[in-house]
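I've put the structures underneath this note.
What follows is subunit A paired twice: with subunit B in the first complex and subunit C in the second.
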Partner chain A sequence: MELKFNNVSKNYGKKQALSGFSTVMSEGVYALLGPNGAGKSTLMNCLSDLIQPSEGNILFDGADIRQMGARFREIYGYMPQSYGLYPSFTAADTLRYFASLKDIKNPESVITELLETVNLSDCSKQRVGGFSGGMKRRLGIAIALLNDPKVLVLDEPTAGLDPKERIRFRNLISEVSFNRVVIFATHIVSDVESIANNVILLQNGKILRDTDVGSLLESMDGKVWEADVENVNEALGKDSFKISNIVKTPTGAKIRIVSDEKPYQNAHLTIPNLEDVYLYYFNEVAAEND
Partner chain B sequence: MFKYELKRLLKSRLFLILILITVAYRGFITVNFFKNYNESIVYDKETAVQINAFLKDAESKQSDRESLRMAVKNAYLEVQEKAATDSDIRNTPGSYGKNLLEDWTIVEAANERAEYILKTYPEQMRKNVSQAALTVNDSSQDAYTVRKNQKIIDKYNVKKDFSLIDTSAADNWLVLTKSFDYFYVFLTFALFFLASEAFCSERTRSLEGLVFTSKKGRAKLFSSRFISLTVIAVFLTVIFTAADTVSALYIMGYRLVVEPIQILPDFIGCMANINILTFIILCNLLRFALLLLAISLAAVISPLLRNIFAVSLSGGLMLFTAFALNIYAKNYIVFDASNPFTGKIDMARYKLYERIRIFLPTCFSSPAAYFEKFDYFRLADFPVSRIAFCLSVTVGLFAVFTLFGFLRFGRPYRFLQKKMIRGKRNGTEI
Partner chain C sequence: MTKLIRFEFMKVFNRGKWLFFAAILFAKLLFAFLSLNLKTDFSVEVYREYTNQLAGMSESEASEFILAESERINSIIAASNEMEEKYMSGEISIDDYKKYRTSYYDANSKIKAFEELYKRYEQFQELEPKNRIYFYDLSWNLFGRYLGFDFFVFFTVVLFCIPVFCREHSDNVCCLNEVSKFGRRKLCFAKITVCFTIGAVAALVLYASDFAVLALRFGMDFADMPIQAVIGYGAMTDDVTVLTFFVGITASKVLWCICAALAAAAVSAVIKEYVLSLIVYASVILIPLQFSAGEQGMLGKIGIGPGLQGNFYHFSLLVPALNIVLWLAVNYVIVAIKYPNKAHSH
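Entry: the complex of A and B
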């Protein structure tokens, strides 16, 4: 199974939302990481055939997905960043409705199984209007999984969820990721660390890095430092390095620094994490939540 | 799918609000009519029975229609003469009613009916046919005039078997029927707004991503949504046809309802071979065509504007303009402000009305006008029925709107994108 992005670009008038995006994906979990406006949702909309790329194409096992049409949608599952549901429908009715749209014959057993998977069995007869944000998200992933997709796309799946729901959701994504291409867009670094095998860093519509998590962290070796400083304000005022974390101590503060060069005499190298990667590439502190 | 779409529509707040307003509006018109019904009727039911008994009795005694007409007329003249010489007509016992005054009322109405059914209507038809025949045989006439007159002969040279019965109740029924014209204007708007909400619901609820990435998303959703709205339109049409029939039966009685529509003087020029019940059904079918057009209008605008308010506003303005034009032109008789019983025809409006009835589907909100006279217009050298042409226009628009709506449903981005790419090629920005 291969999903190939071939020089995909998308312009909105003069604004280039996506520029020459090329990569090849096979089974596994891919995280699209980037700040707001990086082009993550545009890429997903292109993949979902909701918008047409200005240039390039996307191939699934060698066939253009636009030409595949319904054949591609048959093996495609998508959960958008934000979506509404019909409040008067129950969870089971909502799944039946989408099962019909996805042309699934005899959907009842699939629906029961999915409600179990997303832990909504007890609420199957409850109206969706009364669901919490997390429950709606879980129902959203159940909708995306109804047709047992080979390509599963999740746009900001954990946005707006409380920590408990986020953990539950991450586990859910890990559970369902077997034997599929799972792509999820996020600007929340901890999600990537927990579930992704591969990371694509996007900024201004362009790929900054496209690699696996281990390699990405390896590339940061020798660039992440920790140092004890007396004057935090003085450290913050320096432009030559980026501070990813500050912990106050009795004598001043312990700061975590991302820098190509040793920032202080007393600084020592430490193990990089994805937050450091985010800071290094995007020059802003990664979001823990939104 | 269809089941869920219908369920969703029927449970929507907008539907409930519109249904409440519809019931209240219809109820208001009906209650208001029947509140004043006893004051507005020409005769009470008992007198109508007496008139019909008199006519039946006269009919049984005469072998041919002319003798019958003369017998009724003589009876009327006789009672009139008696009444003229009697100083106390209320206390003088009558032959047909309780007193001479009742006799007068009965024979006057009977005579009026007999005159219309036995003389006025057949003479008018004979006149139409004989004049048309002269033109058809005139070689100096152009092809259109000959064809038109041939059509007149075909349409009016048909014998109508009227029963000799009292039709005064029909006047009230016609008043009620026409008072519903604005109701159907409202109903068209209501269904259009409901359809706009339905076709924009993915956008309104941010469901585009979930719905349009489904295998059969667009086609299946559009068809089931369209069918659901059509089912609602069918349901409304059936309900209001039934209501119209029940009120017609209540006001006129079964005997009159199954009479040819031409028995009513308002429809003396009607060339369709239909009875009053068929007329009620046809009127509602024409209104149904208008409702379907309103649904397809919502379907075609929704992918372009995508926002329920923009769709409702733009489509609502289109419908409003079309209805306003119809209402303005329809009222071509301008009544004198000081005397509401006298009026004159505004020829400019009348001509406008004759033109718009050819192509403007909103004219189906008051369909009776299509049945009142020989209603053909000139198209090249051929006389073409206004109702048939307007119905064809409506069906054509419906088909184009539905097809375009179907092709564009859920694909607004592509439409905008094509504009964008075109703009880029031309060096302009969108």
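Entry: the complex of A and C
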């Protein structure tokens, strides 16, 4: 199974939302990481055939997904960043409706199983209009999974969820990620660390890095430091490095610094994490949550 | 496809929205009961007596009767002054005068109803002899006058058909639908089918309610008589019975209502926003209505609004049928433009 993005670009007037995006994906979880406006949703809309790329194409096992049309949608599952559901439908009716749209034969057993998977069995007869954001998200992933998709795309799946729901959701994504290409877009670094095997860093519609999580962290070796400082404000005022974390101590503060060079004499190297990566590439502190 | 259509109906009639239709039907029945009244400036009973009298007669016998009755009534009315003078001068006795006054009051009470009958007699002179049949036609005439642009039907189409496409956008469900296997063309065709069905069923039920009220209040006698014999319908060229004519007009209106529903689907599929769709749609339907008085001009012939009036003087189902084909084609083009990769879709 291979999903190939071939020089995909998308322009909105003069603004280039996506620029020459090329990569090849096989089974595994891919995180699209980037700040707002990096082009993540545009890429997903292109993959969903909701918008047409200005240039390039996307191939699934060698076939253009636009040419495949319904044949691609048959093996495709998508949960957009924001979406609505029919408020008067119950959870089970919602899944029945999408099962008919996805041409699922004998859907009842699939629906029962999915409601259990997303922990909504008890609410199957409740109207969706009364669901919380987290419940709607879980129902959204159940909809995406109805046709047992080979390509599963989740756009900001944990956005707007409380920490407990987010953990539940991460686990859910991990559970359903076998034997599929799972792509999820996020600007929440902790999601990536928990779920993804591979990370694509996107900024201004262009790929900054496309690698596995281990390699990405390895690339940061020798660039993340910790140091004890007396005057935090002085450290914050320096442009030569980026501070990813500050912990107050009795004598001042312990700061975590991302820098190509040793920032202080007393600084020592420490193990990098994805937040450091985010800071290094995007020059802003990664979001902990939405 | 059947399942998709079933779910589309679920969306349309969710949360007891069918009660809205029940309410519209109830309001329509109430309106029909209040509106279908024989408010005439003559005695309906006298007119009915005349028509009953004429019912068994041949055409020549009926003509003779009407001319004789005309002569009788006119002479009685015309003699009023003369008889009064004779009575005053003592030429006639009080009993004779009272007898005259009785016949005068009788003639006077009948004259307006007779004038109505006489109009029908005059209308008959233009008809083929086989169509010159007298019967009690006021209920049919009333029904004909009652037929017109039906705001209940229009409101039903607006209420139930415009949201069929708009709802997906307002509820933001499009993105989930469109990434599903049948979420594009097939879903659109399911929606179009739903609009078609709503148009047909709503029109059938609501127009049938008019028939029901008419039958309940005035009876539907003489339905097998020629339509030309009903006052006001002498110009009809089609050789049809009263019932066939009104069923035909109603069938035509049902077809036009299907057109209206398909037009609602097309407008809302393009505009995608309920209020704007409503404004554009109402304009498309109602503006031609204003320019089509008396079925003059092209708009009167091809406009959906005039079609919903059901008052075309030609008895034709062809025009609305062609309109349905036209609007189905418009919907198909909209779907084809929206989903250009359709050739590879299924």
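Basically, the second predicted complex is superposed on the first by the 290 of 290 C-alpha atoms of A that agree within 3 Å, B and C clash if a C-alpha of one lies under 4 Å from a C-alpha of the other, contacts with A are read in each partner's own complex, and residues count from 1 in each chain.
Throughout what follows, contacts are C-beta pairs under 8 Å (C-beta built on N, C-alpha and C of every residue); 3 or more make two chains touch, one makes a residue touch a chain.
This one's a predicted model, so the numbers in the text were calculated from it and none came from an experiment.
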Q: Using the overlay on subunit A, decide if subunit B and subunit C clash or can fit next to each other.
A: clash
Q: In the overlay, answer first, second, both or neither for which of subunit B and subunit C A:Tyr86 touches.
A: both
Q: Considering only the touch criterion stated at the top, classify A:Ser54 as touching first (subunit B), second (subunit C), both, or neither.
A: first
Q. Once the shared chain is lined up, is A:Leu101 touching subunit B (first), subunit C (second), both, or neither of them?
A. both
Q. When the two structures are overlaid on chain A, which partner does A:Lys14 contact: first (subunit B), second (subunit C), both, or neither?
A. first
Q.
Per the contact definition in the header, classify A:Met68: touching subunit B only (first), subunit C only (second), both, or neither.
A. second
Q: Would you check which partner chain A:Phe178 touches, where first means subunit B only, second means subunit C only, and both and neither mean what they say?
A: neither
Q. Which subunit A residues lie in the overlap of the subunit B contact set and the subunit C contact set?
A. 48-50, 70, 73-74, 76-78, 80, 82-86, 88-89, 93, 96-98, 100-103, 140, 143, 147
Q.
Which residues of subunit C touch subunit A once you look at their complex with the stated criterion?
A. 3-4, 7, 10-11, 14-15, 171-173, 175-184, 187, 341-342, 344-346
**Q.** Complex contact set, residues of subunit A against subunit C
**A.** 48-50, 66-71, 73-74, 76-78, 80, 82-89, 93, 96-98, 100-103, 140, 143, 147
Q. Where on subunit A does subunit B make contact in their complex?
A. 11-14, 45, 48-52, 54, 70, 73-74, 76-80, 82-86, 88-89, 93, 96-98, 100-103, 140, 143-144, 147, 155
**Q.** subunit A-touching residues of subunit B, taken from the complex the two chains share
**A.** 1, 4, 7-8, 11-12, 204-217, 220-221, 413-414, 417, 420-421, 423-424, 429-430
